[in-house]
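Read through the structures below before going on.
Shared chain: chain A. Partners: chain B in the first complex, chain C in the second.
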Partner chain A sequence: MTRTDQVAVLTPGVQPGVSLAQRLQRGLSALLLATSFVVAAPAFAQDVQADAGTATGADGGGEAAPAAPHDFAGDVQSMADAGFSEKEDLAGQIVQSGNPRAMTVLQALLDGKLYSNSDDGKVYIVGDAPDDATSLPVSDAITGETLKPMSPDDIDRIGTNNGLRKTLKVLIAQLKLNDPSATVRRQAVKEMMRDLDDSTIAALRERKAHETDPGVLKRIDAGLALGDLGGADADKQLAAATLLYGDLDDEVYNALKPLSTGKDTDPRVRAAALKAVQHVDFWRDIYNAAQTLFFGLSLGSVLVLSAIGLAITFGVMGVINMAHGELMMLGAYTAYVMQLLMPNHITAAVLLAIPAAFCVSGLAGVAIERGIVRFLYGRPLETLLATFGLSLVLQQLVRSIFSPLNRSVSTPDFMSGVWQLNDLFSLTWNRLYIVLFALIVFAALQLVMKRTSLGLKVRAVSQNRAMARAMGVRSQWVDAATFGLGSGIAGIAGVALSQLTNVGPNLGQSYIIDSFMVVVFGGVGNLWGTLISGMSLGVVNKLLEPYAGAVLAKIFVLVFLILFIQRRPRGLFPQKGRAAEG
Partner chain B sequence: MQRRNLIRTMIAAVAAPLLMATSLQASAFDGEIKVGVLHSLSGTMAISESTLKDTVLMLIDEQNAKGGVLGKKLVPVVVDPASNWPLFAEKAAELLEKDKVSVVFGCWTSVSRKSVLPVFEKDNGLLFYPVQYEGEESSKNVFYTGAAPNQQAIPAVDYLMNDVGVKRWVLEGTDYVYPRTTNKILEAYLKAKGVKSDDIMVNYTPFGFSDWQSEVAKIKAFGSAGKKTAVVSTINGDANVPFYKELGNQKISAEDIPVVAFSVGEQELSGLDTKPLVGHLAAWNYFESVKSPANKAFIKEWHAYKKDPKAVTNDPMEATYIGFNLWVKAVEKAGTTDTTKVIDTLPGLETPNLTGGTAKVLPNHHITKPVYIGEINDDGQFDVVWKTKTEVPGDAWSDYLPGSKDLKSDWVTLKCGNYNTKTKQCVGQKN
Partner chain C sequence: MKTSFINRLLQSDRGSGIFLGVLLLAAILVPLLNLAVPEGSALHVPTYTVTLLGKYLCYALLAIAVDLVWGYCGILSLGHTAFFALGGYAMGMYLMRQIGTRGVYGNPILPDFMVFLNWKELPWFWHGMNHFPLAMLMVVLAPGVLAFVFGWLAFRSRVTGVYLSIITQALTYALMLAFFRNEMGFGGNNGLTDFKDLLGFDLQKGSTHVALFLATVIALALGFLACRYIVNSRFGRVIEAVRDAESRARFIGYKVESYKLWLWVFSAMLAGIAGALYVPQIGIINPGEFAPLNSIEVVVWVAVGGRGTLYGAALGAVLVNYAKTYLTAALPEVWLYALGGLFVLVTLLLPQGIVGLLRKLRKQSS
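Right, the complex of A and B next:
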């Protein structure tokens, strides 16, 4: 293993950094692709400075060194060579030692910041440092004293595994029970409920005696009741089951469920448990339905995003553009390049990628229209073949420039994680934002088509080219602009997709069929049709998935579509009147 | 006129040193041995397979620097089957019949291997297949240097069952031959261990599946029944990234529902932000993080070859490394590149693997491999949490499937790939 690699291993939590030279190189290759990057130069200059700025930041130096009891120091010391189950015991002993540094040490172990030196057997806590740092800020784990920075080669991380991490979380939660913040305490109780035993129950009891916050008190009561449910005393069980009525927590449900059907349960307890379980079941059904609906809408909005650009090039102009997926791919790679250029501003990079991707894919679209498509108007088969060939060329181009490997685009913090509405219902932020984003893009596009002179001309040319030209519309210019607009929207869709799936050369391929499906189903030439059809296909797909499985659901949807097109060849919302003949 | 002259001069200027270089090199060797490389360099599988092409080229360079094989220079013949399964067969025929290569290193997906199998058997070629696969196959002309199910899937399930205490199982896979066969074996194995059918959920998704919301929600619901649940994932290729992203988004942590993957290695993780995935597992016979002198040297060489200090290594690369070294040993021992003789020499040969152990070729054309279970850490590598004490011999025919448990593969004494031990008959290809 080379040195750089070890550095990467020793600095957890830090994104693998990119060296200046590499960034330059990648930036250059990116510029080949994204010829229109005006923002590139200033953004690049900015993050070199930002890089230099983050190279500091030691941890744990501020705490006063306490007089450590003998066993605490010994336990921490033993962590260095212990097996995973020994470490669990040691962690328990560290908590019992009551040492004020117990939490710091356990948290460091959980975060992978606890290191040991095999020569002197000492244990250290390592602070934050960039990937390629040659020295790490360290402090003594036992005393908290800040020491001289050390080379990553001299110390080894003390490893954890899933079981140990779970134990650590519960232990830390126990320590956090006395935290001044009520929110932290509530979280701590919730964490402890996942793994109740005598010692955690005792800790909860003790806390209950002097807890003042009603919210925390309620959680503690629930936790204690959960403990009682497992006991043998029927009266306590009954009280617990009654108290837990209305609690939607999984642990509670799983504890009540066997009581509600158990043969040797006290009948009163069984009735109370059954009532509580039925209550949860009822809400579970409702929230499951809501969740499925949300999944459907979010799949639908991805479909709408990828299809809406096509609705313009295919729907309005009648060009079968098989390279549409690759224009999305270009957009996704633009997001990746933006992130390379400004690695320390992920949110800004994603937001800036939206206009950048519009420009890159839009210009690529204009180039395709001027270079290929315009010679093939009125010859759909040849257009299809030419653009299909072009899609292969674009894929291979990306493979040569960026390598065939998938690239990762980080998700900004505000988009990751879930919005936990209650114990049963949560929405993932990234999907929620993408639904919103799809609606915004749709609204913006509607505005462009209905309220701007470009939109007017586009509609005029698509309805009656000869007449529009007679009125002085430069139809060639309008063609190029329309194609560019459709392609630009595809680029924006690519940015959204980069948050959900792989950024790789095959990105476009997986969406092109779906896009055509949505446009044809919605009715060619109708943006509203695209919106409705995308959303409804998404919902139908997600409704079928739990029963039929992902593979069959997709087949059913396709079969349904084929049958539908047989009956209504012009889709859901066919164009009417004269436009239909054009 | 002038321009044409200019072009001519340029060609001459470029060609002269090239010619000189080749003639110089040729003089150091006593002839050539052609080595076929059959990995997709374009299409879906390029992401995984192009790395193996580079690995073979690196190994060939290295071997030539050591003086080649039998004093002859190794010359790679690289073809691109473009992730197109029928094209694999065509390209294999091209390598064996037109280029007359002595050995082929290639294939990744099982469907590509199945596609080239008849070609290798017809032309009596020699294929080294470097990827973990579903077993249930044995060919005289193929050496399987990747893991059979008993060298990856079964030990991984054992680890989860005994060390983690998993009681409920989700078998989640991509819809094609490898996941379906592996899951069939695993289901039979779990039931043999007393797991009830209620506690097993099997689920398939299409290739390149990207909308994992409902699937992950289903796993979450299945896992919230109070018993320790784990996901055994045979999800292949691109679909992994959105799958893991969705796991992270829905806050399914490895402490609650660990996912053990058979197709996710360092290479796949290098395209991912691994912070939400910390603790999820993978079972392989090699991890880049395993500390051994051989591995250290190999990684160093790979970085130098790729001119990228961040290039990762993975299990199929190690399998390619083992396969290549075994072939070199066999050719040197046999004193010829004649396929039949090399195939007969290979069983019994040993070569060090990269993790400090030994890979031995078995009569069934599989090799011995150690099994490692690793947890994903936050810099895209695996921390080894469990390993087998010794190397596990690869088994071509699973002991847990009704059709295959009586079958035995032995190309040394029985000279048969699928000998039925009950009927005492060779059912398929014979030597």
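Right, the complex of A and C next:
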């Protein structure tokens, strides 16, 4: 969507032929300035400076003639009353000034956040505020100093038009092209490739001359090749198409695609373009499949996280705990409360929430076991009803304490954002972390069950209670501890969920049926079964989604599970031997 | 002959007699107090109350259906509102077709929501639903067929206990998701509503509601008698044997699956009838009726009243729903606490429900 919008905005400039003419008329001097800045040779700059002065004079002729060259503050001040073409000149001079705040100011102008006050003639940058805000957070555009909030009535937005915005984009890209950070430079090249013309190609050439980072250099080459591709010279086109083989960039693909089918294209170029396009198509399919797989795995990890605690209480102990979802909800609210307690340390709050949620939900679980479940052992249907009643009470409790509205828990920095491999493949960090987290929790639980004395006792009691008691295991204590363990893990799952969705009283309810399905599908009493069934259900769900839509995919999966349970009532990996009889 | 048959049905069970007596009393008193007593009088029963009572009795019929399978056969269904809602939708479809040109868009054939979705013709399953007999057939057939297919699969592969409970819950959940989709052709999120008349009687009129109330009372009484008949028959004895020791009943030579299946299908049809009576009184049916929470709530009514008694289930349904009406209006915050607490207390302290408590008290006093 955003991409389309950008293209729409830029359309006047993208049209071949028009672009150059427009540019020459509108902002010739600004561009010259910008280009010269790229060269960054002081002596030469001086020369162009004079040039710019005359150009502006001839062009604008308005009363707001720009102040002395290199006067960053003056240029910014003059923005307030300048016409659009003068603004383009001023923007060029702001770049020329070399002031570190140049980019901030230009970006603010581009985003419509640069305001002026007609009384004192000062220029301000306005921060984010709702549309109907009565006071706006402002900072001084020249110094960056934060000022007292102002009323929207006192200041006027400094306007832009399409031509100016286009100039600004190029200027900003060029500023970024000279940024010390290679990542920023690479991003700048990428942005310029969206919208190549003579000036940007010139800028890329200049940069190529003294670029040292091989990654950036490669992108610049791709950008220049992309420029050649748009030209009329068949040999250059051929060389470009050959060079661009294997490049997965969207822009490259969009440029090659018409060439690969075009009637007028040189046959050699067409063949080369077709080869490159097919290569991209091939990789696109692979990456799409990988992405679907990843989405499926991340959904599966959520299922595994929510089901694995249930695999302990239901699978190992045979207790139906319908309040399991609410124990997850308690964990999610623990994360929310931790964040309220430590508003300035989001990362620490989330990390601390994990043990805290384990304790909160675990203790709640022990209380449930001691208070309700232990009176109902051997009566699974009654347990189901009693714990369901409990889940209603817990939901209402949370509603009464925290309000029925959904709360959002902020995501720590290291978890937000996207990991972009290339234009075809990107993964969000939080989903990636959830997958990892699910695996860690699973491994930890497996370790507890197989390597600790608690795990040994739990397995002993679940296999043969009477014998375990005869061997001196305090079965009541083990029951409470097992239930607490399963519930604590539900709490941890709640913390993970709080990073994916909003936290609300109904959070748990939506997962309870899914979690039971996962446990039953995987085979009761089998942690590995839960892992595999959760992951495979997640993947199947995501595989179906493109064809059937999200809701129908879910229905299909439910129906499949209902049918599956008929065929194999004990799940994918049934317990074998005597333990299964009980 | 007939009286002796009913006598035999009620033999050695005072509760059933009292239950039918109360129903008869309600069937006489409520219409009388609504229609014959003038509105200003203290004895007048407003139409609103008649509708409310009718709703409770629909729930009572649903509770009896659940009690029949849970109390007597040990099948804890957490998806019985699926059958209830299917019956309701069948009735709703009939009522939708009756609107005709009086809808917002005035289309004589297509219900409003289809015109809104730009559909050109009626989906196949809507055909003929404007005929009352066919619609009534669908009221029992739709839930019955679903129950048959589901039960045939589930009982044959010997899915029992909590597994069965969970997949019934998954069933109603899947149906809820499906009915939420506009493409299903059942009005999506909004469901079916804006009904005008039933068999030519205006649904806005008080007298229609009284008639519906009477119909509900009769359906409840007949449903109750039918259930009593089943549980007192030889069939019912086998059913109880299955509940208490399924393997043993099987080894003796009974085809446990078919016994369970027919009981299950009958119970689903009963639930469908309850739904069909519910919809014209409430005036709307939407996918929310499929919500798994509703099904579990039904189980609580049965547990509160006392399972395995039939009239206890009806009693529980009326009492809990009265409490719900009262509490959600007076103390909305408290309702979920009360309902949740009821679940816990009844299962822990009153495993036989109110009826069991009364029996115990009587035994102690005698």
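Here are some notes:
Convention: the second predicted complex is superposed on the first by the 391 of 582 C-alpha atoms of A that agree within 3 Å, B and C clash if a C-alpha of one lies under 4 Å from a C-alpha of the other, contacts with A are read in each partner's own complex, and residues count from 1 in each chain.
The rule is simple: a residue touches a chain if its C-beta (ideal position, glycine included) is under 8 Å from a C-beta of that chain, and two chains touch if they have at least 3 such contacts.
Fair warning: this is a prediction, and the values are worked out from it, not measured in the lab.
By the document's definition of touching, of the two partners only chain C reaches A:400; chain B does not. Of the two partner chains placed by the overlay, only chain C lies in contact with A:389; chain B stays clear of it. Using the contact criterion defined above for the overlaid structures, shared-chain residue A:212 touches neither chain B nor chain C, since it reaches no partner. Comparing chain C and chain B on the residues of chain A they touch gives the larger count to B. When both complexes are overlaid on chain A, the residue A:502 reaches chain B alone and has no touch with chain C.
Once the two complexes are laid over each other on the shared chain, residue contacts for A:516 go to chain C alone; chain B is not touched.
In the superposed model, A:554 makes contact with both chain B and chain C.
Of the two partner chains, neither chain B nor chain C is touched by A:453. Common to the chain B and chain C interfaces on chain A are residues 395-396, 399, 551, 554. Remark: chain C residues 76, 150, 153-154, 156-159, 161-163, 165-167, 169-171, 173-174, 177-178, 180-181, 292-293, 296, 299-300, 303, 333, 336-337, 339-344, 346-348, 351 touch chain A in the complex. Of all residues in chain B, only 41-44, 46-47, 50, 164, 175, 203-206, 208-211, 213-215, 217-218, 224-226, 238, 241-242, 245-246, 248-251, 254-255, 258, 267, 270-273, 275-276, 279, 289, 291, 295-296, 299-300, 303, 309-310, 375, 377-381, 383, 385 touch chain A in the complex they form. Contact residues on chain A toward chain B in their complex (touch as defined above): 1-2, 4-5, 8-9, 11-16, 84, 112, 159, 161-163, 165-166, 169, 250, 253-255, 257, 291-292, 295, 298-299, 302, 395-396, 399, 404-408, 410-411, 416-418, 426, 428-431, 500-502, 504-506, 510, 542, 545-546, 549-551, 554. On the chain A side of its complex with chain C, the touching residues are 320, 372, 375-376, 380-386, 388-397, 399-400, 509, 513, 516-517, 520, 551-552, 554-555, 558-559, 561-563, 565-567, 569.
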